[in-house]
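Notes follow once the structure below has been shown.
Chain lettering (A, B, C and D) follows the sequence in which the chains are written, and residue indices restart at 1 in each chain.
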C-alpha cells in the first residue's frame, strides 16, 4: 500500500527535477511525466479497490508528525479515492492526448501540468481549510499558465480573465478562513465541523458563506461565469478537458467537503443557484454553434446540476446509495463524457457544428462521439439517466416541482443542442473531404473513457438496479450487430428475424391477455416487417442493430416489471427510432424534431413516474397497474408523454417529417408498430384509472383530443402531395380513433380500441410496405409524378386497395368492424358529438385514400414508368401475409372479436353478445361473416351478368380516351393528380393552416430569442465579468437571508 | 386631328391621304417609316389601340397592301395606315414590340398570305390551317376550286345558279311585281 | 328458412326495387318535361335505355379495375338495398337485414362509390377523377348532417337496428320521426339532396363542364350496369329514408304495404326533385360550405334536443 | 389452323399506327376494328327496336348546323318524346349528327369521335355541305362528301334544314334501324382501309392512331 502522500511528494520532486531532466532530452522528461501520472492512477486504483471491494476504513494521513488539528491532515476515503482515480486518469489521458503538444512546448508546460495534477490531488485529500486555500492557489496558478499554452491572443486574454476571477474568489476564500479562524480558533475541517455550533450566529454563517461562495464561483454559476466560457473556447482541447473536468472535479469535491458547514436551511439557495445555472446555461447553449463553447455551456450546466444535487442531498440526508446515483451519476456522466467530447473537438478542429459532417468518414470515432453524446444527453443506459430518474423521484417526493420542471426543461434544451450537433455530424447535405487519420495517442484516451462510461452503465444496471439480462438485450443487439458488420445485409436480416423469433419465443410465457396482443404487434409484426428490409444490398452498417434495438425494447415494454424498466426500454426505443430516422436521406431535421418531442415526452413521463408509488412485483406492470392508484398529476404527465408518441393533435409536428424522411422500408415500423407503443402506454394509465376513478376524468378530454386528431389528421392528409406524408397524417388520424376509443373506458370502447389497433397495425403496415415498393421502383415520393402503375404493379395495387378499404371502414373488410364498434361504443357511452366528428373524419379519409390510390395506381402511366416492374419479392411477402391477415379477420371476425372480448373482460363487464358470427351490442348488431357472404354474392352476380352480356370487349390502352375529340398530348398533362382537392381546400382548407406548427415554431423562436438575450450578458470584457461575480455574490447573499 | 395629320405630313412623308368618314381616315406610308410612324401615333398622338392588321393581295400591282387599323379613344377616330410591300419578296417589319398582340395577326398573315415578319414570336406556327402544304390560300393566284376538285371528291351533278335569277324563277315568281321592289327596279 | 327460399325472396325484392327505381326515374323525367311544358320521354324510357346500352355490340375496357368498377357500383347498390328491411314485418322484403344495422347500411353505400371511383380512375380520363374528387368532397360534407341525424335517431330510439326503429314508429302518424324529431329529419332531408346529386348539388356530373364526370369512359354494358344501379340504389336510399324518418311501410297485405312504400318514397323523392327543379347549381366549395353550415347546426341541434331535453 | 398461323393473322390484324412516334405507340391501342356478327334474328330485332327508341346523340356541334340542334331540346320541338337525348361522351352516344360543313380541321375530330363511339352507331349528315360541299364546294379547306370519310345513314338536305326536317330525318333513321338497314359500323370496319386512305389523303399531319378506340 503506497501512502497517497507520495503522490504529492513525487509530483513535486519530479516537477522540480524536470528542468534538469529535460536537458537530457524531452523523451526522458516525458517518460517521467507519464510515469508520475501513471503512478498516481495506479495508487488511486489500488486504494479505490481497497475501499470499495476489500472494505478498508478510510485513511487519515497526518503530516509533520502531529495529529490534527495541530498539523495538516489528509483524508483518503472511498469518495476521495474515487474522485482522484477519475481525476488522475483524466490527467493521464489528457496528457496522452497532449502528447504532441507536450513534446514541443517549453518544459514549463510539463511542470505546470504535473503541479496542476498535484494540486488536484492535494485539494481533494486535504482536510485543512488553509491548506485548501494553498492548493486552490497552486491549482489556479498552474491553470492560468496552462491556459496560455497555445500562445495566442485569445488564450492570453482568457487566461487573464480566469486570473481575475480566480483572484477575487481567492480573496473571499481567504476572508472566510480568517473569520472562521476568528470564531473557531481552528482551521481543521473536521474540528470546525465538530464545533459548527460556534458558527451558528449571523456572522458565523456569513463567514461560511464567504468560504462556500468563493468555491461556488469557481464552479461557474450562471450568470457569473463569463470568464470560464472564454477559457473553454480559447484553450487547447486537451487543457480544456483538464480544466472542465479535472479542475471542476476537485473544486466540486471541496464544495462537497465544506458544504456541511452551512446550516441546512441555507442549502436551498445553492440548490436554486445550481438549477438556475443548469437551466439558463442550457438555454443559452441552444444558440451556440462553436462546439467548444457549446460544450462549455454544457459543462457549466452540468456542474450546476451537480451542485444542486449535492446541496439537496446534503440537505435531505438521504441514503448514501442515492447520493451516489444522483449526484455521482451526474458527476461521472459529465466527467467522462465531457472530457471525451472535448478531446474529440481537439481531434476534429472544426469551429462550426455545421462542419462536423467530416466525422462521418471515421466510423470508430463517430461511434465514440455518439456514445459520449448520448451519455451527456442523459439517455440510458448511461449514468446521467439514472441520476435524473432518482432526482425526479426525490424532487417530487419533496414537492420541489419548480426545480424538477427547470431541470427537465434544461435537459431538453441540452438534448436539443447536442442532438442538433449529432445530426450535423451524421447527416448534412454537404460532401465532406476525408478526415486525416487520427493519432492513436488522441484516440486512445477517448476510447478509454467511452469504455469506462459503458462499464459504469453496466455496473449501475446490474449492481444498483439489478436488471434482468433481458433489459440489456436492446443494447446488446446494437453491439452484436456492430460486431457482425462484415456480413451481407440479407444475412443480417435473417439473423435479425431469428433473434426476433427467439426473443418472441422466450417472452411468450411471460405474456397474458393484453400483453399477447401487443406482443403480436410488436414482435411478430416486426419479424414480418424485417423481410421488407431484405431487399437492401451491400452491408448497410448500423441499421439492423438499431432496428433490433427498437424491436427488442418494444417487446420489453410489455413485459417490464417496474416503472424504471418500462421507462428504460421506452428510452431505448426512442434512441433507436431516432437513429433510424436519422438514416434517411434528409433525416437530419425530422430526426431532431422527433428526438426533441420524444425527449420532451420522456421527461414528462419521468416527472410522472416520479409521482408514482414504488412497485416491486414479479409480474409485468401492465398486469399489476390495476392495483396501483396513479396520482392525478402523474396520470396527466404520463398521458402527455404517451400522446406525443401516438402523435395526437398538438403534438403531431414530428410525425410527417419522421415518417416521410425515414427510409422507405423503415417507415412501416414507425407507422404500424412504433406508434402503438403510445397506445400501450395509454392503456397502462387507463387500466389504473378505471380501477381507481377519480373525480377529474382526463379521459373525457382525451376523447375530444382523439376526435380532433382524427379530423385534423384527415384534413392534413388530404392536402399532401407526398405519399409518405399523406400516410403519416393518416396515421395521426387513425391513432386519433384509437385514442378516443381507449378514452371511452367502456367494454365496447376497449374492444373497439384493440380492434382498431390490430387493424391499423395490419393495414398501415401493408400500405406502407406497398408504397415502399412503389417508391423503390419509381424513385419518387410525389404522387403526381406517378400514375397508372396498376398495370405494372398489380400486387402492390391489390394490397393498397385492400388496405384502403380496411382504413375507410367500407364493409365487408375488417375496417367496418372497427367503425361499427367505434360508433356503437361512442353512442353507448353518450359521446354523440364526438361520434359526429368521427363520422366527418372517416368521410374525409375517403378523400386522401382515393387520392393516394388514384394518383399512384390509376390514371395515366408516365413515359418514364413504362418499364417499371412489380415490387421486389421481399416487399411482396409481408404484403401478402397482411392481406391474408385482413381477409381472415374480415371473413371470420370471431377470430379477433372473441379474444378481444375475453381480454377486455378482465377490465369491464361484457356488454356484447356473440352468437355464432353475430355480434350484438346494446344498440345494434353486426354479422361480419354474413356481410362478407352477401357482399361476395352481390359482387359475383353482376360480374357474371356483365361478362355474359358484354359484346365484343376491346381492351384499350391509356390514351384511348375521349378527350373532347382531341388526343392527349402527354401522360403528365392528362393525369389529374396535382393539387387534387383544390376545391376542397378552397372550401375548408382554412382548417389546415399550420397553426400548431406555427405555435411550435414560435416556441423554438422564443427560446432562441431568450437565449440570445441572456447570451448578451457575456460581453467578453473582463471588468464586466468581475462585476458579475461581485453582484452575484451580493444577490446570493440577499437570497441567503442571513 | 388636323394637327396630327399635319405632323404626319411634315415628318413622315405620307404619300396619300383618304378621308372616308369623319372618324375614318386612311394614310399611305412607306415601308421603312412604319415603325417610327406607329410609335409616334401610339405614344404621342393617342392612337393606343391596334384594332387589326390585315392584308390585301393587289396582284395586279404585284403588291400586298397591309393595313394597320388604329383607334384613338380620345379622338374616337379610326386611322388606317396602309403600306404596300413587294409581293414577290413579301417581308415586313414586326410590330409585336409596339402591340404585343400583333404577333397573332402577323402569324395569320404569314399563314394566309405568306408575308414574313422576321422576329415575330411563333410566326411560323400554323394559325388555323392544320397541316397545310400548298401555297398560302389567300393569295389570289391560288385556285381554290381546282384544289377542291383535286382533293375533296366533288359529287357529280351539282349545279350552281345565280341566286337572284334562281330565286325569281323558282320561289318568288311574283316577287318582282310586288310594289315595294318594283319601284326600286325602275 | 332454406337458402333457396331466401334467394328467391331476395330476387323478388331486388327486382321489385329495381323496377320501381327505374320507373321512378322515368316518372321524374316526365315531371321535369311537364314543368318545362314538354311531353317528355315515355315513362319506360329508362328501361329502353338500359336494354339498348346492354345491346351495344362493341365495348371497350381500360383494364380489370375498369371492368370491375361498374360491378362494384351495382354490388354496392345491391348490398345497400339488401341490408335494409324494405317492408316492416314482411319476410319476402326483409332482405339480409340480419347481417347488420344502420351503420352497416351507411358504410355499405361507400362500397359502390369507392369501387366505381377506382374503375373510373383506371379509365385514364382526367374528367373522371375531377368528378370523383368533387363527389367525394361533397360526400364528406353531406354525410355530416346525415350522420348527426342518425346519431339523434340512435339516441331517440336507443338502437341502430332499422327494424326496431321502424317498429317504434308504428301506431300513429304522430309516432313518425318526422313528428317526434323534426330537426333530425330536416338535417337528413337536406343531406338527401346532396346524396341524390340533384341540382343544386349536381356539380359531380356537371354535363357542361366535365361531361358527365366519373362515368365519362363508361360504355355499353358497363353503362347499363351503372344505369341499373341508379334505379336500384336510388330506391334503396329512399327506402332507407322512409324507414328512418317516415314510419316505414307496414301493412298486413304485402301489396298495400308496397303501395305505401311507393307512395312514401315517391313523396320523399319529389322533395329533392322540386328543389332540384327550382335551384341552380352550386359550385363545389359553395355546396361544401353550405352543408357544413346550417344542416350541420340543425343536426347538432337535433342531437342536443333528444339527448338533453 | 395452328398456332403460328393464328399469330400471323393477329399480327396482320394489328394496325401500324405510323402517324405516332415510337414512344406514343405504346400508349394507343393498335387493334383493328372488325365487323360484328349479328345475334339471333329475333334478339337483334328486339335490340334494334330498343336502339331505335333510345337514340343518344353526341353533343358535338361540328358546324353551323349545330345551331339547329338546340331548338330540338326546347319545348317547341321536344326531341325527348322520341327517346332522343343528348349525351356528352361519344362512348355513350349512338347517333352522330354532322352539323353542316366539315372543314379539314373538323374532319379529324369527327373521325376521332366517330371511332370512339360504341356500335351500333348511326350518322345523320345535316345540311347540303355534308352532301356535296354546298356553298363551300370550291373551298380549299372544306370537304365535300362526308361519306368518303365515315359511313352516313341519313342525309338531311337543306341550307340550313329546319328542326322539323331534322326530326323527319330522325324518324327515317328509326325506320331504317328497325328495318335493320343501318349497318354503318360494319361498313366502316369492312371498308376500313378505303376510309382510312381517304382520311389520310387529306389529313396530312396524321398524329393519331389508325383507329381511335
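The rule is simple: contacts are C-beta pairs under 8 Å (C-beta built on N, C-alpha and C of every residue); 3 or more make two chains touch, one makes a residue touch a chain.
What you are looking at is a predicted structure, and each value in this text was computed from that prediction instead of being measured.
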Relative to chain B, chain with the most remote C-alpha centre: A
Chain pair that, of all pairs, has the most C-beta pairs in contact: A-C
Distance from the mean Cα position of chain D to that of chain C, given in whole angstrom: 36
Distance between the centres, which are taken as Cα means, of chain D and chain B, whole angstrom: 38
Intercentroid distance (Cα basis), chain D paired with chain A, Å: 71
Distance between the centres, which are taken as Cα means, of chain B and chain A, whole angstrom: 80
Residues of chain A whose C-beta touches two or more other chains: 951-952, 954-956, 958-960, 962
Residues within chain B bordering two or more other chains: none
Shared-contact residues (touching 2 or more other chains) in chain D: 36, 89, 91, 213
Interfacial residue positions of chain C with respect to chain A in the complex: 54, 56-63, 65, 67-68, 70-72, 74-75, 78-79, 82-83, 96, 98-104, 107-108, 110-111, 114, 117-118, 121-130, 132-134, 136-137, 139-141, 143-144, 147-148, 151-152, 154-155, 158-161, 211, 216-217, 220-222, 224-225, 283-286, 288-289, 292, 299-300, 303, 307
Contacting residues of chain D [partner chain A, same complex]: 23-24, 26-29, 31, 34, 36, 60, 89-91, 109-110, 112-113, 116, 207-209, 212-213
Partner chain B, residues of chain D touching it in the complex: 104-105, 108, 131-133, 137-145, 148, 198, 201-205
Chain A to chain C touching residues, read off their complex: 788, 790-791, 797, 801, 804-805, 808-811, 816, 819-820, 823-824, 827, 830, 832-833, 835-836, 839-840, 843-844, 846-847, 850-851, 853-854, 858-860, 918, 922-927, 930-931, 934-935, 938-939, 941-943, 945-946, 949-956, 958-964, 974-977, 980-981, 983-984, 986-988
Residues of chain A defined as touching chain D within the complex: 861, 863, 866, 951-952, 954-960, 962, 965-967, 971
